[in-house]
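So, here come the structures, one by one.
Common to both upcoming complexes is chain A, partnered first by chain B, then by chain C.
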Partner chain A sequence: MKVAIFPPNSLILADLIERAGHKALVLQNEIRKKIKDPEIDSPPFNLTEDDPIKGLKYAAIEVPSGVRGRMSIFGPIIEEAEAAIIMDEAPFGFGCIGCARTNELCVFYLRKRGIPTLEIKYPKTKDETIELVNKINTFLDQLEEKNG
Partner chain B sequence: MVKIAQISCGTEYSGVQKEIEKAASTFGAEIVIPVTDIDYIDEAYEKFGFNCASSGIRLMVARAMSIVEGKSDADAVFIATCFRCAEGALVRNEIRRFIQQKTRLPVVTYSFTERTKADELFIRMEALSTIVARKNILAREKQEGLTLGVDSGSTTTKVVLMEKNKVIGTGWLPTTDVNQSALNGIDQAMEGTGYKMDDIDGMGVTGYGRLNIGKKMEAELIQEELSVNSKGAVYLAGHQQGEATVLDIGGMDNKVITVNDGIPDNFTMGGICAGASGRFLEITARRLGADITELGPMAIKGDYRKAVLNSYCIVFGIQDLVTSLAAGSTKEDVAAAACHSVAEQVYEQQLQEIDVREPLIQVGGTSLIEGLVKAVSETLGGINVVVPEYSQYIGAVGSALLVSGMGKRNDK
Partner chain C sequence: MSPKENHEVCHDDNTRTRMIILGPGAHISQNELVQKLHMMELPLTIKSTCYGAMVYGDQEFVNQAVKKARKLDPYNIFTKDRGFPPGDPRRCRGHRGAAREGFHQLEKEFRLLGHVAEALEKPRKVTIEEPEKVSVDDFREIVKKSLKSSKLSKIKDEG
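Up next is the complex of A and B:
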């Protein structure tokens, strides 16, 4: 199944999903498509003024361009997702897209999709970490069963 | 090459990063990103004390701290956040203050949209670049010798001759042929002083026609209006240290510049609507059968509330004023309403975009219209508005002051 994650660029969550045999929908893949496009020259991510305009599908014109630019990449991922894992209170080293308002909007849209969603909190101890990984694996295994 | 440190949030996702870099390189500067690592972000954020929710804005705080603590090398700082982001606007201003209090680096701030293009950033980058490259000149607080300042504006050309820290001659005339207007203005300024061009120690030029005149007359200083007007305003107002705001409601465009110790750090420029310019007042004066110099005293006696003015537009607003006159409003009330309309529109379009710092120094030809100065003060909640002597010659005075630090022409 295609599983969206939050933070949308968390390598650890993406790795757990791939190990369980699912497809992780991550931000890096979308950015990769953009920076490999030889037609666009707008470093660092090759986003141009057209991208925040595409973001109008998810946020109105009075919303800052940075939020709309981010949503132009993450919005389609949310639409494509068949399941989601949302990690709350994660430090930015775990994954982050820099903007609190975008975070709120992304989580809201993921919840609104009505797809199987696991919401968890970032662990603070070793025991919590082990428990969390088990929870994620169980969730992913159940997805497979439902799917299969 | 001048290194401009960029402290921002959202530029890469708004598609404007390339435009920022292009604007900097146009003026011989390069954009550098201050160094931080993940641990330092938390450390810097704790020290700074602003509880921001967005990690991109926390990163801005860390980058600012990195500059202040000497971990990153920079000659100037450009701070930018998304337009309409409240958290970004708050932190942008606090970081600006923090860097200005802790360093001597020039700073400009900007709020961008996806439509921001390099040319909108040109004057900011030019100002940053020249502030760094010509810092010694901008530090000048006293005029010395005999110097000439020319401000070749879009509507009028202003000239001053200064000697021993005083204005000794002035010239003022409409700009027609840029070079000829400057020559005529110089003649006016020299008249009665006993001096001629060969006697001057230096010449500074600013305004739209600066490059043309500066090249032709071999001026020692050719400088954009932003730095020159800021310096001229704080010099004339006797407020060279600390913070201030400079407001110039011009004949065709308006400038609002915030300054710190005489160095500009943010500004907005408007010029889209004639209803928010001196032109609106000129047309009002004509309709009232008065000279523009009579409009100010007339407005002071009037009450803007007694004349109906439902539009800021130079066409429909003037029609409203005519209707008010026909309905029995006095000329004084109509003059006051026109001044209030311009002040209110300047506030809505420009002053709201920046943090107005007292005192507000009003300059340019329109600063002589007392009714407008009063309306600006009222619109800003009664703040202190200073109109210094020679305020209409601001660019020329700034040029004459700054060029006096560049050595004597006849000694070279």
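Up next is the complex of A and C:
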């Protein structure tokens, strides 16, 4: 199954999903499409004027173009997802995931999709980490059972 | 070539970059990992890094390399996709003069990898509690309580 993750570039989440035999929908794959595109001639600014327009599908025109631009990348991931794992309170917010409003919008859309979703908190201690890993593995096993 | 055709070429591109990250309890070193990757004799670009290695090439070969690399130390080797190829001037630390984007996050997550490996080694059964919706009555109570406390704090401020 295709599992969307949040934060969309998390190593731990992506790795655990792949270990369980599912496909992790990660942000990097969407970024790769951008940087490999020969039409984009001004890297590292990989957003074109079309992207905020594509983002209109997810956010209104009053919303800052940065949010819409980001949503044009996150949006296809959310639409493709068959399940999702959302990790709250992650202490990182660097690069393109550093926009709080986009992050809120992404989580909102993932919840709105009505797909099986696991919501967890970023672990701070050893016990919390072990519980988190076990929860993720149980969730992924359940997905497999549901899917046949 | 028309722009449309260009776009199609981009999506047909089958190359992948994969980061292979060694956990803190890994039984092999970065050098050993890179050596093993070279020994696989796959047509890949292999780069030794501080966290492990990076492989770049055709998706099929990258997947093969990752699968074999995981077998070297199943619980302590983690992998992650990367958008940019190794040494890309837009991301390379050498050109930027500072840590590349994404490194800080990797640094944070690396601290947990030891515990993740332990959890993978000794899996436990857990139950997932599904979050329930708050009933209207409960919600009303919460609103009343918060209104009361805000009124009290206002009176205190004024007094």
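Basically, the second predicted complex is superposed on the first by the 143 of 148 C-alpha atoms of A that agree within 3 Å, B and C clash if a C-alpha of one lies under 4 Å from a C-alpha of the other, contacts with A are read in each partner's own complex, and residues count from 1 in each chain.
Heads up, the rule we're going with is that a contact is a pair of C-beta atoms (placed from the backbone, for glycine too) under 8 Å apart; a residue touches a chain by one contact, two chains touch by 3 or more.
Just so you know, these numbers come straight off a predicted model, no measurement behind them.
Chemist: Following superposition onto chain A, is the placement of chain B relative to chain C best described as a clash or a fit?
Modeler: Pair status: fit.
Chemist: After superposition on the shared chain, which partner residues are touched by A:65: those of chain B (first), chain C (second), both, or neither?
Modeler: Once the two structures are laid over each other on A, A:65 reaches chain B alone.
Chemist: Once chain A of both complexes is superposed, is A:15 in touch with chain B (first), chain C (second), both, or neither?
Modeler: Touch status of A:15: second partner only.
Chemist: Would you sort A:129 into first (chain B), second (chain C), both or neither based on which partner it touches?
Modeler: In the superposed model, A:129 contacts chain C only, not chain B.
Chemist: Considering only the touch criterion stated at the top, classify A:112 as touching first (chain B), second (chain C), both, or neither.
Modeler: After superposition on chain A, A:112 lies in contact with neither partner.
Chemist: In the overlaid three-chain picture, which partner chain does A:37 touch, first (chain B) or second (chain C), both, or neither?
Modeler: Only chain C is touched by A:37; chain B is not.
Chemist: Return the chain, chain B or chain C, that is in touch with more residues of chain A.
Modeler: Touching more residues of chain A than the other partner does is C.
Chemist: Is A:101 touching anything from chain B or chain C once the two structures are fitted on A? First, second, both or neither.
Modeler: A:101: touches chain B, not chain C.
Chemist: Could you tell me how near the closest CA atoms of chain B and chain C get once both structures are overlaid on the shared chain, in Å?
Modeler: For chain B and chain C in the superposition, the minimum C-alpha gap reads 5 Å.
Chemist: Do any residues of chain A touch both chain B and chain C, and if so, which are they?
Modeler: Shared contact residues on chain A: 43-44, 92.
Chemist: Can you name the residues of chain C that touch chain A in the complex?
Modeler: 3, 6-7, 9-11, 13, 15-17, 21, 78-84, 88, 90-91, 101-102, 104-106, 108-109, 112-113, 115-116, 118-120, 123-128, 131
Chemist: Which residues, counting only chain A, touch chain C once they are in their complex?
Modeler: Chain A reaches chain C through residues 7, 9-12, 14-16, 18-19, 26-39, 43-44, 91-92, 94-95, 118-119, 123, 126, 129-135, 137-139, 142.
Chemist: Can you name the residues of chain B that touch chain A in the complex?
Modeler: That would be residues 9-18, 38, 41, 52-59, 81-85, 87-88, 112-115 of chain B.
Chemist: Would you mind writing out the residues of chain A in touch with chain B in their complex?
Modeler: 41-45, 47-53, 62-70, 92-93, 96, 98-101
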